[in-house]
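Following: one structure in structure tokens, then a few remarks.
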Amino acid sequence: MEWFPGEWYWIPEYFPKLLDGLWLTIKLLVLSIVIGMSLAIPIGLVQVTGPRPLAWLAKGFCTVIRGTPLLIQLWLIYYGIGSFFPQWGLNETFLWPYLRAGFPYAVFAFSISVAGYVGEVMRGAFRGVPKGELEAARSIGMSPFQILRRVWLPRALQNVFPTLTGEFILTLKATPLASTITVFEVYGIGSQIRQETYLIYEPLLLIALIYLCLAGPLIMMFNYLENKIPKRVS
Amino acid sequence: MEREIPSNNDSTTLEVNGLHKSYGELDVLKGVSLSAQEGDVVTMIGASGSGKSTFLRCINLLELPTAGEIKLQGEAVEFKSGKDSLIPSNKRQVERFRAQLGMVFQSFNLWQHMTVMQNVIEGPVQVLKKSKAEALEVAEQILNRVGLWEKRNEYPAFMSGGQQQRAAIARALAMEPSVMLFDEPTSALDPELVGEVLKVIQSLAEEGRTMIMVTHEMKFARDVSTQVIYLHEGIIEEQGPPSQVFNNPKSERCKQFVQSVH
Amino acid sequence: MEHALEILSYNPPGWGGALLRGLASTLQIALGAYLLGLIIGFAGAFGKIYGGPILRGSLKVYTTIIRAIPELVLILLLFYAGGDLLNYILESMGFARVEINAVAAGIYVIGFVQGAYSIEVLRGAFLAVPAGQIEAAKAIGMSWWKCHTRVVIPAMLPFALPGLANLWLIATKETALLAVIGLSELALVTKQATGTTKSFFTLYMAAGALYLCVTLASNVIFGFIERHYRRGQPVQG
Amino acid sequence: AELKVGFAAENYAPFTEKGADGKWTGWEVEIKDALCEAMGEECTVVEIAWDGIIPALMSKKMDVIIASMSITDERKKTINFSDKYYNTPAVIVAPKSSSISGDPASVKGKIVGVQVSTIHANYVEKHFTDAEAKSYNTFDEHNQDLVSGRVDAVVGDSLAMQPFLTSDAGKAFEIKGELNDVEVFGPGVGVGMRKEDTELEAKVNAAIAKIRADGTYDKISKKYFDFDIYGGN
Amino acid sequence: MEREIPSNNDSTTLEVNGLHKSYGELDVLKGVSLSAQEGDVVTMIGASGSGKSTFLRCINLLELPTAGEIKLQGEAVEFKSGKDSLIPSNKRQVERFRAQLGMVFQSFNLWQHMTVMQNVIEGPVQVLKKSKAEALEVAEQILNRVGLWEKRNEYPAFMSGGQQQRAAIARALAMEPSVMLFDEPTSALDPELVGEVLKVIQSLAEEGRTMIMVTHEMKFARDVSTQVIYLHEGIIEEQGPPSQVFNNPKSERCKQFVQSVH
């Protein structure tokens, strides 16, 4: 790679590892977003509609999740809760291979993190939908679920697409924390390369490039969704 | 439900008894009753802020009444009492009722994320479970009737006031409800279209549907309605066939109101 | 329990004081960065909405690249490589080397990153404001500035606040990255404390509690602002 | 001019530890003082988290790194190392009841925890080919998982293991064997420097030799260890 | 500005020449001209979607015309040509013009985060730099005039349609503009209030202000206006004093339209 400044001799050596890491990152990201979103929607909604106790519960959840560092959450889930499982004899069961691995814990932690942050965003988004449009949906006899699916949710999302894109990119960039619980995704591999070669910028630049390739399509997809319905601007 | 009093008149489609509604301190409706048969066209007139919209919105439970009774085709809405209003206790029933009660809102309330066509077929497809093809066919008819066929793929934000109002009417018509609640459905329309829409309403009444309409079109109230209600500060001041309300009102307030039509 | 109290006591060898000082440093950097981010956010959002193709294009590049690249990379690049470059230029021009202040650098870097997110949050909120509200302001002859301070911003804030609150909370945690340029804040102090005492649970709980207190206080403030700007908006429920 | 000595901001007992009072203590800290004195340099400490330590060295925020950095050929491509100033053996630790030993056959099918990007990880990769290696960011983490039973054994630095083995949590574990492979482990731990600072390298090497020779090194080490941390010649 | 053609008539307040406006493919206005003197009441009538609102919105530059000229008190709006429309080149001038052009929107566009009172005093305080006390005094008068004094501290979302429309009228009046652009200002009002509001409009005209009003109230157009414009698909089909437009229209389309008033 003489055409590009810097030291790149290590790429062939680490290529398979990087590929594995990339695949892990993608799995982590997609699962966390999908699971997280499906939690975030009810969490946001219930804070607008009530009932009160559930709303408080949701608010409390968002506060705790947003209020404590993800690293600590990961740590508590994996080393805290996770270390009890063998004591309960779960290491004798078929579940053990899953409970032993870091990946499920990482997915769990990232999902609730997405749920907490996006839940807050969705609360505002649901709240911002004009009341009249919901009434129109009610007035034709739609069930609450139909209202949510056909009117409330799409209208709410429309107003926060740019914010959501940001939250998802933040999730992507939180995935490196998974390496603290033995899930070495692509960034973790990058750190590994840095530690082993003491090269500073080259591995980081490669990681940056990979992240750009992951975030780019995400941004484009949401841009597309955002622009699908024309908006009148003044 | 056992508690239900059997309706005393078979063709009474909609019956409202002693409806009260207050927002906090403000008593908006102070006991309004109404009874409409199949094919009736009931027009409500009254000053701005007298509670006309609130009354319509109470009928399909978008606002929860403080007290009163609402019956559709002899079946009463099941209520339980809540903190500061009645609360419907049977969600399914409410949905079923609403599907039969078409509503055209004063402020249109079109779904902004859907085109006109999508707005119109939404109810038939999602609530009435019609096939999309069937819904599209009906929608085409209706949109042609209100002169919006050309605008079918436009989003509401890019349409004129009158076009939006017609889209809202089309959306309600597409549900083919047995009772229609119109809240000033011609306010944004030019005289030609007003005539068109009123014709549509009349023809629906002839099909046997029941129309409840809030309007400031006194001409229409006088010519077409079977019953006129004059609402004044949340109370029915005058009620009866148009001839009585317009030509021979008992209430002084009402006389003044109907005479003010220049 | 006694052990925990010992570890968390205010004076050394207890870590309580060190943790609180770490928190103060975290808040200082986070606040600076957040405010910088907000300024960039508002300027950038309006740039994206009103700007010409060149401005819009460059802002798009900014929001895409800055958000996509891991903060650590940016911090290392800007602080070390950027500092090197600056000194190289200074030296070649015959000036003395300068030491970049780590706190200032931290605030700039995180603020720069926050700005990219703020832009998008605010842009989305702006677009959610019904066009008619803005037209009414223009129609009475309000200047651009008046129109925005009196109508647009009050109307868009309810849409933006949840996202902005998230960004603030993220800023308080992002400061942890600044350990790589030698800044000591809550996360690093916690790490050092666990390294010494090995009392992971106690210390993580204590740090978590401190972060949580910050969040609760932020909730109160953001909640107040949101209620204020949502006045007049009916509840849908 | 003064010499800027870089420490990793993360604690590594008993080598470098920052107390709640903000003071650095530990064996490496005292060795640093001794080295500086031997060189006749005024030393100031710069503390930077691991991730930033090499960039800081490269951009002259520090001149030498004293942070238990193992000398490897791979790393030598990027920075310079002094001669070793200590070398501790690698060990494998497992539950007392376990049949694991240092023998590759004994870990067949087992899960072995190691700290990522260390010489220990390299050893496991090279020799324990039949075992599943599980990587951790830190030493404390793999010990945690050893306790919770997620890994069957861990490979790490004998010294760093010591506090763990004497703690409550570590009571049920013991050193099962010492591991040796010069090719993997290299000469030991050295002081890190920029490649171009060859003069400095000579000075540091001289200082190491000096404190070794005049007994300062042993005096300091005695306070911390009951064995020879220098690791032979 | 030097380029400006001196106005040929001293009392011509508003002059629009050859205004064109298109949205993409759709040509909405195809050369509309208008000239109004002090004290004139110009009413625009026309079918829904014919471009009436668009025309008003072009006058105060909420929509940018594709071509044409707009003059206020003899001073032309300075335009430069943009990609697909003219672009005003002098921001200050636009603000100054707009402050003199009051507008009542078809969809009201009240600021939702302000009470009625705050909506009304916003312009006088922020744009005209009146003291708050002064603005409140004027607001009190106006709100009493439109019958909204009691609702002064209510937020728009909690008011009836007619109340919102009156608030919008009050907001425009409070600016005391020399030209008023009304887009169907009585659509949501009951006949009594319609009379009230039309009286207000007439009295303003008598004060020497210029009124341009889109309306479907043919009665008003006939009785009060000095000039009636019938717009059809973006073109002025008929223009003249009410007697001519209503009783003796040249255009077939216009004849049909005015006759449709039932």
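The letters A, B, C, D and E name the chains in turn, as written, and every chain counts its residues from 1.
Simple rule for what comes next: a contact is a pair of C-beta atoms (placed from the backbone, for glycine too) under 8 Å apart; a residue touches a chain by one contact, two chains touch by 3 or more.
This structure is a prediction, so every number in the text was calculated from the model and none was measured.
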Chain B and chain A - chains in contact with each: none
Of all other chains, the one whose Cα centre sits farthest from chain C: B
Chain whose average C-alpha position is farthest from chain A's own: E
Cα-centroid distance, chain D relative to chain E, in whole angstrom: 81
Distance from chain E to chain A - Cα centre to Cα centre, in angstrom: 51
Gap in Å, rounded to a whole number, between the CA centres of chain E and chain B: 31
Chain A-chain C separation of Cα centroids, rounded to whole Å: 19
Two or more partner chains touched - positions in chain E: 62, 107, 157-158
Junction residues of chain C - those touching two or more other chains: 72, 76, 80-81, 131-132, 135, 138, 200, 230, 233-234
Residues of chain A engaged with two or more neighbouring chains: 79, 131, 158, 200-201, 231-232, 234
Contact pairs between chains, per stated definition: A-B, A-C, A-D, B-E, C-D, C-E
Touching residues (chain side chain A, partner chain C) in the complex: 48-50, 63-64, 66-72, 75-76, 79-80, 117, 120-121, 123-129, 131, 134, 152, 158-163, 165-167, 169-170, 173, 176, 187, 200-201, 204-205, 207-208, 211-212, 214-216, 219, 231-234
Contacting residues of chain C [partner chain E, same complex]: 130, 132-133, 135-144, 146, 150-151, 154-155, 229-234
Interface residues, chain D side, partner chain C - complex: 9-13, 17-22, 46-52, 55-56, 58-59, 61, 140, 144, 163, 167
In the complex with chain B, residue positions of chain E that touch it: 23, 45-49, 53-54, 106-107, 158-163, 166, 183-184, 187-195, 216, 218-220, 223, 256-258, 260-262
For the chain A and chain D complex, residues of the former touching the latter: 7, 79, 82-83, 85-86, 91, 100, 179-182, 184, 188, 191-192, 194-201
